[in-house]
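Each chain carries a letter (A, B, C and D) given by its place in the written order, and its residues are counted from 1.
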Amino acid sequence: MFGQGLLKGLQITWREFFNKKVTILYPEQRPPLPPRFHGSFRLEAEKCIACGICVTACPNRVIRLDSVREGKKRRLTYYVMYLQYCLFCGLCVESCNQEALHFTQDFELAQYTREDLALVLVKAPVVAEAAAAAQGEGEGA
Amino acid sequence: MQPRLETEEVIVNLGPQHPSTHGVFRMILRLEHEVITEAIPVVGYLHRGLEKLAEVRTYTQIIPYTDRLDYLAAMLNNLGYVQAVEKLAGIEVPERAEYIRVICAELSRIASHLLFVATFAMDVGAITGFMYPFRDRERVLDLLEMVSGSRLTVSYMRVGGVAEDLPEEFLPALKKFLDDLPACIDEYNGLITGNEIFQARTKYVGRLDPQVAINYGISGPVLRASGVYYDLRKLRPYGIYDRFDFEVPLGKNGDCFDRFVVRIKEIEQSARIIRQAVEQLPEGPVMGKVPKVLRPPKGAEVYHEIEGAKGVLGYYLVSDGSNRPYRMHVRAPSFINLGLINEMVRGWKVADVIAILGSIDICLGEVDR
Amino acid sequence: MLENLFVAIGDWFNNLGARAGAPYWGDLLELVWILVAILVFLGLGVAMLVLLERRVAAFIQVRYGPNRVGPQGILQTIADMVKLLGKEIIIPRAADKVLFLLAPVLVVVPVVMLFAVVPFGKDMVPIDMNIGLFYFISVASLTTIIVWMGGWASNNKYSLVGAMRVVSQMVSYEIPLVLSLLGVVMLVGSLKISDIVRAQEHVWFIFTQPVAFLIYVVAACAEVKRVPFDLVEGESEIIAGPYTEYGGMAYALFMLAEYGELILISALATTCFLGGWLAPFGLTFIPSWVWFFLKLNLMILFFMWLRWTYPRIRVDQLMHFGWKVLVPLSLANIFITGIGMYVYRALGW
Amino acid sequence: MADSQLVAQIKEKFADVEVDAEQRLVVSPDQLPGLMKELRDTFGFDFLSNLTAVDYPEYFEVVYHPCRIRDAAMVTVKTRADKKRPRVPSVCGLWGAANWQEREVYDLFGIVFEGHPDLRRIFLEDDFPGHPLRKSFPLAEQREYVGG
């Protein structure tokens, strides 16, 4: 009869009223993220040989790196990612042969100013850089 | 003779910022008190010049851009593009990768159709009808996130295979989702499809004649709802779709109601395909032999079509021998399905315009490219 | 003692005046007390209703709803009020300034006026006119013009369409509403609110007039512009109808009026069909006004339940359903009630 | 793409249609309407799937992919327009699908489709200078290219 569908609808909403809720109370409860989650980035500076493959692999030219030549090896001095252009596609992480670049599970990347969006992963102290040219001791954090 | 009431036509702007235009889409409606006399669609607000950009990116770098076409079914866009490049450069894809691609593509189709069920219910006014399909779509997005690392812009497929193999916790979670799906679909049918008010709002509204649909190049669920049997997975099988048996749901009178019901049935069919693909999933590598720098032969050209979530999704690629395509064109189903909106909407009321536009299920990322 | 708590306070005010040798002032004090009671009831009621609606909607949609401001989100509406107070009321450029600002102010007036005839408890009807129901119906239809005025004055195409829908919907659903109440009035024989409630001593009218109750609920839903008839504010079609251009306190006043109307039609439903403040099965140890409050909330929750289940009907279907289904149905109901009463009398009951 | 037997039939019906290596039909602009009408009416290609253009150094090439709903058979038809005055007859009369796709090619390439009912730009604003998908249109690099 006419109302049959209408009553079925009410019955469903009545049942759902008492069902367990699915929403997460965000700041207190954290969403469960899978291990492969594409969040922010971290770089193991010691593994990185500053070859620049990740820079060319990236479609939006997000990564910028400087290095200084020491003998036959190159040492990474500066590594920044302009996350406002990043597609989080993972081509850079995939292209790195030394497996130095990895994703993290951190997804809260919003900043107040545009400058803060630039994620500086390695920044050798300027002083050390000048001295480094002479004999190349340990680089910055 | 009773003097005819002199009514003056009202021109209303629907969009580009409007709650139910599914993106940045604008329609100039010429109204005679609620009845539409003409609808002029205006597109281009989301035009990012993808086809120009693709000419200065390597074949692999274009993959993340294809996610942003129909951002509700990124896996399907990837699948179409990657298969086109494999045809262009003649690359073999291992068995396991083919099956993983089918599983992910059909999951993306389910996510896109679930979103359609949700937004169409809300266009017609059922706010709660929006919430339940969205809750279930979350589970599909979690599965895609488990596999590729991100929910929507997955960039998971690569030329010659897929980025990474399936994680172990993926298959049990997928089986659980497939088992719960029929109960969810019964809930939508109970709450929305069976509802007399919903039927009154959608039955015989915006009827699309099959011949006109074919002539205007309409494809996908909109065409099948008008009773035309045209599904590339069956008629021109690509990849390994010929190994699965599933039906192609068809509508009878091509109205908003049929377009809604056809998509719900397609969700069931996609789940059926996934089940079969999971059973036949072989072991083995997920990446074929692909040269470090992909250089298709000079002058090679390919036009490859797949059955996307919104319709026939085609990629036309021309190679000049370098590692960048000379020309890339995307045949976007939403763009072409939208071409008929003026004729479909004329003569209906404002409320129906929203229902008809919703029933075509366009995605502006694909329309504007 | 709890039973006529409010009536006692009223009398106390009255004798205060009488003892002081100015009975006129006593009555005035009592009236002021009644007015204050109504305004507090309306204010608190609407505040709680807004929160209740959002919580009920959330729970139906498998989510939590506002639960941050105050314990379990109790202070959410107050927070909304403060926010709305802070917002600027933007007047569109070519809007009719006077009408635009007048509409939100005027829209609350009929709502508060209507509370004069709501029977909160045993002999707690603020003004027990002998044409109580008639007064209720006539004042209730005033809001149509005011909302229409608001829509017309905001000089926005969507508002105009919304305003036109208000007029057509409210006018055409006024008739089935009135006709369904006519069935009740025929049984009672008087328009006095307290008589209507007293007539339901033995059996509530929902049982003797089930069809009228159904028609009343559907027509009331349309009167208050709630789903499945919320065309006036059809979000996905015409944004917020006549309320589109309003912001800040102006919008808050419209919302106050909307929820006020919801309380009122639920109050009318309880009075005419659910036996007002009469205790079911004789449980009179619970005060009468508590019973009224419970039944009122029962009806309100029912309207909310409808709102969060159904899609929206289309304008022409609205008219078709109103005129071609509800009106004949209510006329038939009156006809049958008439025959029923005649047979009743003939059998000498 | 299309089976050669079908292409052969078309070939003998239309003498001066070139058929290149992969069974693609290349035809001159003025021959186009005739061939397309033939394809749609006698060969049953009732579904124009794709219509696009490519900017080659010597000429513009407009590419059509009509299909058959019955068995999803597809044929590629190409026509060439010279660079200075790119004009190609419109196929809007045969397929409604061509309407928007021709407007897109006009908008991004500047190829004029004669006989198109309402040839306006579809994506860009009407006074946009030039046609972006032409190779001659500069790809403005607003951010300087950084690194490797």
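The rule we apply is simple: a contact is a pair of C-beta atoms (placed from the backbone, for glycine too) under 8 Å apart; a residue touches a chain by one contact, two chains touch by 3 or more.
Predicted model only: the values in this text are computed from it and were never measured.
Peer 1: Please find the path from chain A to chain B through touching chains that uses the fewest steps, and give that number.
Peer 2: 1
Peer 1: Looking at mean CA positions, which chain is nearest the middle of everything shown?
Peer 2: B
Peer 1: Using the touch rule from the top, work out which pair, B-D or A-C, shares more C-beta pairs.
Peer 2: B-D
Peer 1: Roughly how far is chain A from chain D, centre to centre by C-alpha average, rounded to an integer in Å?
Peer 2: 42
Peer 1: Let me have the rounded angstrom distance from the C-alpha centre of chain B over to the C-alpha centre of chain D, please.
Peer 2: 24
Peer 1: When the C-alpha atoms of chain C and chain D are each averaged to a single point, how far apart are the two points in Å?
Peer 2: That pair's centroid distance is 64 Å.
Peer 1: Please tell me the distance, in whole Å, between the geometric centres of chain A and chain C computed from their C-alpha atoms.
Peer 2: Computed from C-alpha means, the inter-chain centre distance equals 55 Å.
Peer 1: Two or more other chains touching the same residue: where does that happen in chain B?
Peer 2: In chain B, the residues touching two or more other chains are 128, 132, 135, 191, 195, 197-198.
Peer 1: What are the residues of chain C that contact at least two other chains?
Peer 2: In chain C, the residues touching two or more other chains are 60-63, 308-310.
Peer 1: Could you please specify the touching residues of chain A with respect to chain C in the complex?
Peer 2: The touching residues are 6, 9-10, 12-14, 16-17, 19-23, 25.
Peer 1: What does chain B use to touch chain A in their complex?
Peer 2: Residues 57, 60-65, 67, 128, 132, 135, 138, 142, 145-150, 153, 155, 163-164, 167, 169, 187, 190-191, 194-199 of chain B touch chain A in their complex.
Peer 1: Using the touch definition from the top, list the residues of chain C that touch chain A in their complex.
Peer 2: 56, 59-64, 67, 305-306, 308-310
Peer 1: Within their complex, state which residues of chain D touch chain B.
Peer 2: Against chain B, the touching part of chain D is residues 1, 22, 46-50, 52, 54-55, 63, 65, 69, 71-72, 74, 76, 95-97, 99-101, 104, 108, 121-125, 132-133, 137, 139.
Peer 1: Considering the complex alone, what residue numbers of chain C touch chain B?
Peer 2: Residue positions touching the partner: 57, 60-63, 157-158, 160-161, 164, 227-228, 230-231, 234-239, 308-317.
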